[in-house]
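Heads up, there are several structures right after this.
Each of the two complexes below includes chain A, the first together with chain B, the second together with chain C.
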Partner chain A sequence: MASEVVDATAAKPRGGRFCTVCNDRRPALKRPKTLEQICKECFYAVFEDEIHRVIVDNHLFKPGERIAIGASGGKDSTVLAYVLSELNIRHGYGLDLFLLSIDEGITGYRDDSLETVKRNEIQYGLPLKVVSYKELYGWTMDEIVKLIGLKNNCTFCGVFRRQALDRGAALLKVDKLVTGHNADDIAETVLLNILRGDIARLSRCTSITTGEDGPIPRCKPFKYTYEKEIVMYAYFKRLDYFSTECIYSPNAYRGFAREFIKDLERIRPRAILDIIKSGEDFRISTSTKMPEQGNCERCGYISSQKWCKACVLLEGLNRGLPKLGIGRTRGLNNESNKDMKETNGTKGLQSKQCGTLDF
Partner chain B sequence: MQLTLEFGGGLELLCDSVKIHNVNVEPQAEGKKLTMKHLLSWVRTNLIKERPEMFMKGDTVRPGVLVLVNDCDWELSGQLETVLEEKDAVVFISTLHGG
Partner chain C sequence: MSCNSGTCESGCYREEYSGDDVRHNRPLVTGNSQESNGVSSRGGYSNSHGLCIKCKVNETIASTHQSVAAGGGDSIRFCADCFRSNLFGKFRFAVTSNAMISPSDNVLVAFSGGPGSRVALQFVHEMQHKSQKNFDASRDRSLPVFGVGVAYIDESIIFPIPSNDFDSGLDEMKLIVSSLAPPAKQFFVVPTESIYSPDCAAGRDQLTKLASAVNDVTGKEDLLEHLRMLSLQKIATENGYAKIVLGTCTSRIACHVLEATIKGQGFSLSADIQYVDARWEIPVMLPLRDCLSEELNTLCSLDSLKTIEVFQQPRSGINGLIASFVKLLQHENPSRESTIVRTAGKLTPFCFNRIPEVGHDNGHLASQRRQKKYNLKPNESLPPESFCIICNSPLKKSGNTIFNDLDDGETRAAAACSSCQYQILPRDLSSLEYFYSLLPQSMCARARDSSISHELLRDQIQDCLLSDSNDGT
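And then the complex of A and B:
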């Protein structure tokens, strides 16, 4: 048949089969989601089309909306910025896209990754807004680490980043914020929330859109997109991304849940989607008492406590009591202990923007 | 056998921050073929300068490290059993760094 002819002329027969989509070209990767062997061209098409379907089926955007893409310069947000700007043009979403980056003030790490985002600004023609911890909080992470050392620094960074993204999005006057959280990240979060018994977060963490009752909803177009495919896409397309671990958290990616997810994926790649499905299907008993969402009395940010976590941490820094809000028995909020314990326990994951529990 | 090895996604940090290495690797024994399995142990011994556990787990790459042989996912060519040939290009990319 035709395939044999192509086979004979192929430069380097490896694997000896053809793309299961076009049945014409040599496959370039095995899709974790379906185990299909597909060629680069068909991979680009299905990868982009699946994200388009997720956007359409979940009504993520409305025409004319202003959308901020949380951009760290890393693989996920870089691929998200690239794919969203492509789809926006191809399918006429009518969106105004912006890149929003947070400068935590980490010399040798964030300054380098911000250079990547600045190149992305030009490459994709998307306006970039950078907001810094220094301007928002008066402290850089370098200064915080100098004061508190390398213990709990990721707690500060994680708490501050979440607010910083919201504040940056407000400055850009956007309608929504999209982040590059991928399927692996979400599966990892489901597991962690189950392990900690954090019912409130478990019920939120699989939602594709969160904060719809707040000022700036967040959504995750990569909710069903495998990390492997994101990295393959970035590699094949030669996208420009930054991949250095944070200098203050060299072992951040060694989180137990992450490693476990990757081990599971190797045995059965579908496991990632199955865990997300399990997370979605959890039903929390209506009699379960959930923390009430209110607003921080100090800065007005959404908080289930009197003061939001960022304000508690900041108060500690400014009063020279940086442990305020960190320990289990200290803090301004009586009920903040449980929350504190969590962040302490996962500080290794906190530095990874997409690995945090801040959904 | 001449091979081009590329490390990306942060793995280059384990080998003196050099991304591309042109190397000469011989099969384990005369007349035998060079497999990925042998190449991995060669890389671990000769190129990885620190934290080898970031690169390997057991006799294969750590889960989360992608491998491409001539721009093709090694899951299609037999992973550890993949036979390498002269001038092949092998790419290792970590998916474990940052978002």
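And then the complex of A and C:
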């Protein structure tokens, strides 16, 4: 392991008398981002204020907008819902907030976390909409994993969730979607894209708002918020959240980056923000070939190919071809597939054009 | 919000992005060379005859040189000759397509004693040797042979080495350099402190003070690296060398990509990782940029190229963490280092990342044509406004000024990048001024003459100024 670095503030004797911000109360914690000793009240204040600054400086919202908060019941989305509704009132953002939750159909995991979100609905007074894979696609993740095993299941879930969020947001008739992606997530993504050679994603992954030219723009108010601080906030405020890992979680390549960032944070906490800064500053030619944006022939969702990825994967599931759409195959998009398979009677929803959902 | 790591089952990302480099068959990552002639479980390549896949005549390195470290794929795929010529081919291609060495140049090779610079030195010598043979054989002797010098920067004042080890290490180095003749090469052994003045004692004192003024372990290591470059520049300028050659390899660059990203230097990263870096007075070349450290180690083993172990410093702090991370990734996927460098290679370089086209004679038009042209947009091809005084990295925009320095009545604005400001420079103003006084003159000289930029500003607003004087009275 790398040798220890003595940070000036950490070298102060432990149990130094007062909070470094208010100089009045006893410190309750060491702030993960800056290592300064701080009392609970000042921590709440500085945590909430930094997020408020991010929202204002990046012009994330306009008064009167309807905003859906992607809520999984986990710590990030719970804290996001809590803080956003707080700030909405305190600073008069004038937003209409909703909770949007996705039910992937994972027993023993999602059904538990959904209970948390239902409690959040009551606790924070925010209307909740749950969209399920079952009603959208005719498949639950449990059924999918039974068919395809534990390889590539994250691909299915991720692709389906993205579309599910967009469809749910359209049903709620919201103007924007916010997610709880935090600084650690974004730093990991920057590293991952460097490791995997994805220069196109590298140029997009540090944007605080994405998809402005798509159906629903999404933004990440926690872009500069440390995961550890989110946990601390939730802990001290005793917020209600569900803290188990997905039972199907694999050793995705992200695991490497995650471990590394944890080690890095121990030696130099500000490195997480520095990685994000690097990601924003990379000199990437804007003439890099970007995919042409069109619409899926089957369901009308936004897509750069003939069929959107969700439809390709779905076709694979329905035909018992689990590898369809996985890896670099020519696959379905070169064939015009007219017949729609029976899928437990939810055929109607699958073929629904996006136009009727008022995107 | 991210996927959590658990037990390995899914390779979802790996499946999608596995086709990184079609050239590299996924080799067996095994230390046991006896198995290496069997079937490779990944990529499906079978080399059961133990023959070189290129010439199909000779036996592979694993067969002929059992003692050579079985560094993954190459020793089970190539014979010694093909391996060597492949590696030298990469070097030669880098040199010619970037017009690195002109016949009239004197080239200074930085030699650390490690495998990278040892191979660089070897290859440069072989090129020079061939050039000399051609010269001797030609009738009109029109094309001169380029000169080669070797430099070792002695950093023992900061990283002490036991004097026996140091002396024997130095002797070995001198032996290596003298054996690489004809043509004979000058060998410079220069301590870092001589960057201050010829007076060793004063230099040593100032350098020690400077090093101890840096608290951060990574910062100290990086500062020393910057001083190393300044020392090389000084040797080259004072002894008439037109180019500096470093033995930096793909693996080292991969680490540097991550280091720069983690330190917030994403903007300047592309400047450091190209074949050519001409922002210095003496341009710096990286001809081994496409060679992996594994390949260089194999070659040193194969050809008994001696490396000086005792001069190799392990990296510490952030740099050390990254080095072990990259090693782990490379072990998991042997094309990872190449992928990292290839990704970073897609970042837009700077205008100084090519040999300056100054007064090239018509005899070298061929190499000029082959020189890579970057499609820089107009605003990207402008030279950066300022550079960091510590690490010389191009700065993104103004506003990095750390303070103004009065030097013989002329104001100079010293600017530094955020990384150097955090890990090298002290925080408060008085310590900062003291620190600045400890810097070698060649660093301070980078401070931009702020009176010039002030003039430029004035020109832009001249037509709206009501008063002639600077303060508006």
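Here, the second predicted complex is superposed on the first by the 307 of 359 C-alpha atoms of A that agree within 3 Å, B and C clash if a C-alpha of one lies under 4 Å from a C-alpha of the other, contacts with A are read in each partner's own complex, and residues count from 1 in each chain.
Everything that follows uses one rule, which is that a residue touches a chain if its C-beta (ideal position, glycine included) is under 8 Å from a C-beta of that chain, and two chains touch if they have at least 3 such contacts.
In this text, all values refer to a predicted model and were calculated from it rather than measured experimentally.
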| item | value |
| --- | --- |
| Partner chain(s) touched by A:K151 [first = chain B, second = chain C, both, neither] | second |
| Contacts of A:G197 with chain B and chain C, given as first, second, both or neither | second |
| Partner chain in contact with A:D76 - chain B first, chain C second, else both or neither | both |
| First (chain B), second (chain C), both or neither touched by A:D263 | both |
| Partner chain(s) touched by A:R66 [first = chain B, second = chain C, both, neither] | neither |
| Touched partner set for A:I326, first chain B, second chain C, both or neither | second |
| Partner chain(s) touched by A:K129 [first = chain B, second = chain C, both, neither] | neither |
| Touched partner set for A:P27, first chain B, second chain C, both or neither | first |
| Chain A residues touched by each partner, larger count belonging to chain B or chain C | C |
| Chain B versus chain C as contact partner of A:H181, first or second or both or neither | both |
| On chain A, positions contacted by chain B and by chain C | 72, 74, 76, 180-182, 184-185, 245-246, 253, 258-259, 263 |
| Residue ranges of chain B in contact with chain A within the complex | 8-10, 13, 62-64, 66, 68-73, 75-77, 82, 85, 91, 93-99 |
| Complex contacts: residues of chain C adjacent to chain A | 1-20, 215-218, 257-258, 260-267, 269-270, 316-318, 320-321, 325, 328-329, 332, 336, 339-340, 342-344, 346-348, 375, 380, 396, 418-419, 422, 427 |
| Parts of chain A lying in touch with chain B, wherever the complex brings them together | 12, 14-15, 17, 26-30, 37, 72, 74-77, 113, 180-182, 184-185, 227-228, 230-232, 235-236, 242-246, 253, 258-259, 262-263, 265-266, 352-355 |
| Contacting residues of chain A [partner chain C, same complex] | 1-3, 5-6, 8, 72, 74, 76, 149-155, 179-182, 184-185, 188, 190-199, 202, 245-246, 249-256, 258-260, 263-264, 267-268, 270-271, 273-275, 277-285, 288, 326-328 |
